[in-house]
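Everything on this sheet refers to the single structure shown next.
Per-chain residue numbering starts at 1, and chain names A, B, C and D are given in the order in which the chains are listed.
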Amino acid sequence: MYRIRKSITSDLAHAMISAAEAKAHELGVAVNIAIVDESGHLKAFSRMDGAPILSIEIAVNKAYTAVAFGLPTQEWYGLIKDEPSLLYGITHTPRLVIFAGGYPIRVDGEIIGGIGVSGGTLEQDIACAQAALAVLASRKGGGEER
Amino acid sequence: MYRIRKSITSDLAHAMISAAEAKAHELGVAVNIAIVDESGHLKAFSRMDGAPILSIEIAVNKAYTAVAFGLPTQEWYGLIKDEPSLLYGITHTPRLVIFAGGYPIRVDGEIIGGIGVSGGTLEQDIACAQAALAVLASRKGGGEER
Amino acid sequence: MYRIRKSITSDLAHAMISAAEAKAHELGVAVNIAIVDESGHLKAFSRMDGAPILSIEIAVNKAYTAVAFGLPTQEWYGLIKDEPSLLYGITHTPRLVIFAGGYPIRVDGEIIGGIGVSGGTLEQDIACAQAALAVLASRKGGGEER
Amino acid sequence: MYRIRKSITSDLAHAMISAAEAKAHELGVAVNIAIVDESGHLKAFSRMDGAPILSIEIAVNKAYTAVAFGLPTQEWYGLIKDEPSLLYGITHTPRLVIFAGGYPIRVDGEIIGGIGVSGGTLEQDIACAQAALAVLASRKGGGEER
């Protein structure tokens, strides 16, 4: 009759954003960070001082894409590169981002949300997103789950 | 050649969101809170657990409208109610919100950003936004300006 | 609490458009010229008689892209050409233009706006935009700043 | 086989914007002024320093609406007020503006373009637009038509 879904809390979303921002400060870059829930709806967002405005939408869409397909955005290119109809075609899909910086947020294998980082190089965006995902691991270890 | 403008920092935006959330918890309501910069671009956002998803966009647009015209959104109805071409016409403008919950954020009379709250009753949205604006006043009093 | 930003004046924007148009006349081409402020909002625009209508939006988006990332639009291709996920992916971002003709407008290293020219060849678009940027230099030299 | 159409020149569009700006300065208001050609495509635009950003789009759409139907935008409300299906329905049409500030630009009864002004009160917007239209009359009187 119904399925149980798990949805990221506001509390975790804020903690992940703080962790991403700390990493960005460390790297000397200003990024946009977006967290969406398990349904792809915006949960929390932060644009660091000086982060590029065009990356607002890219960050949100990276998070959205990660949740929408359950894949890190960086895996897309490998999946479509040998099929030209996808490489030239699906890349135009509104909100689909095929480059790095978006990750599903999982607990016990289930997607509870997504994160997208945009504004630095791909490597910087990845590093900030992974710093945010590390918060999740530390919370699980700490028994704070629920 | 150029005009000087002031733009809200990420730090202040986060503090304002925290204050709005504290007020919402106190009122027992879950809201969306959006902060935009002096040009209307999204700076920070938070959707509290259980806040309505349609209000994501409304909160962002309240903040945008407040900055775009330099007025609290609740003042719009009084300005247009006696001019039917506006009452029936301007209300359809994309992103324009004419009901309460959006305020310009001002320092020394200058707009540095805007806040929009959506998800509660208009009174609750107002209360949360005003709690956020009180942060600004306390900072000015505390001499932390800049 | 806030950061100081500088925003292009209407007066400078009009002068830059006139300079771009003079260069276009000299080159025998009709172009669209858009000036946006430091946040990417349209400040001034001119479509010369006979300039292509599809280039209206391209000119505006070149100016927007230049401000949004702080780079001349012609630098984008070099940045993404060796990373296929960006080459096939980020190029579809709405409003992002990766070809020549868009430049940030800077004073003392700070972005006060952006210019986009479209309608000629890339070389002609560049020449018109640079003629407009030369106005800025002459004003600085003339001590008219502010 | 074909019809002759007349299209506003860039030169006239700039002169009309200057006249509207002069009137706005006189009134102490900052407005957005848009000029479109006889097909509704943007020809020239100016946002005065301090003019509201949400009015950028409104100004362009007033000019577009004026050309699209060949009527000053302020005539719309009178035409639809007694037909509720239009009053509640057609007002949602994208780009249609039913309040004052948009005018067709006519020469010898033919529409050569449209002007839209937005950012002040309706009376101020009208005054600026009419100041711009007066340029047209002076040019005709002065024999500069061609």
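FYI, contacts are C-beta pairs under 8 Å (C-beta built on N, C-alpha and C of every residue); 3 or more make two chains touch, one makes a residue touch a chain.
Computed from a predicted model, the values in this text were never measured in an experiment.
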Fraction-based call for chain D against chain B, same above half, different below: different
Centre-of-Cα separation between chain C and chain A, whole angstrom: 31
For chain A paired with chain B, centre-to-centre distance based on mean C-alpha positions, whole Å: 26
Junction residues of chain C, two or more chains touched: 3, 9, 39-41
Overall pattern in which the protein chains touch one another (line/ring/star/complete/other): other
Chain-to-chain touches, reported pairwise for every pair that qualifies: A-B, A-C, B-C, B-D, C-D
Chain D residues touching chain B - in the complex, by the definition given at the top: 49, 52-55, 57-58, 74, 76-77, 81, 87-88, 91-92, 97-100, 122
Chain C - residues contacting chain B, complex: 1-9, 11-12, 37-41, 107, 112, 136, 139-140, 144-146
Footprint of chain D on chain C - complex, ascending: 9-10, 13-14, 21, 41-49, 53, 56
Residues of chain B that touch chain D when the two form their complex: 3, 39-40, 64-65, 67-70, 83-86, 88-90, 92-96
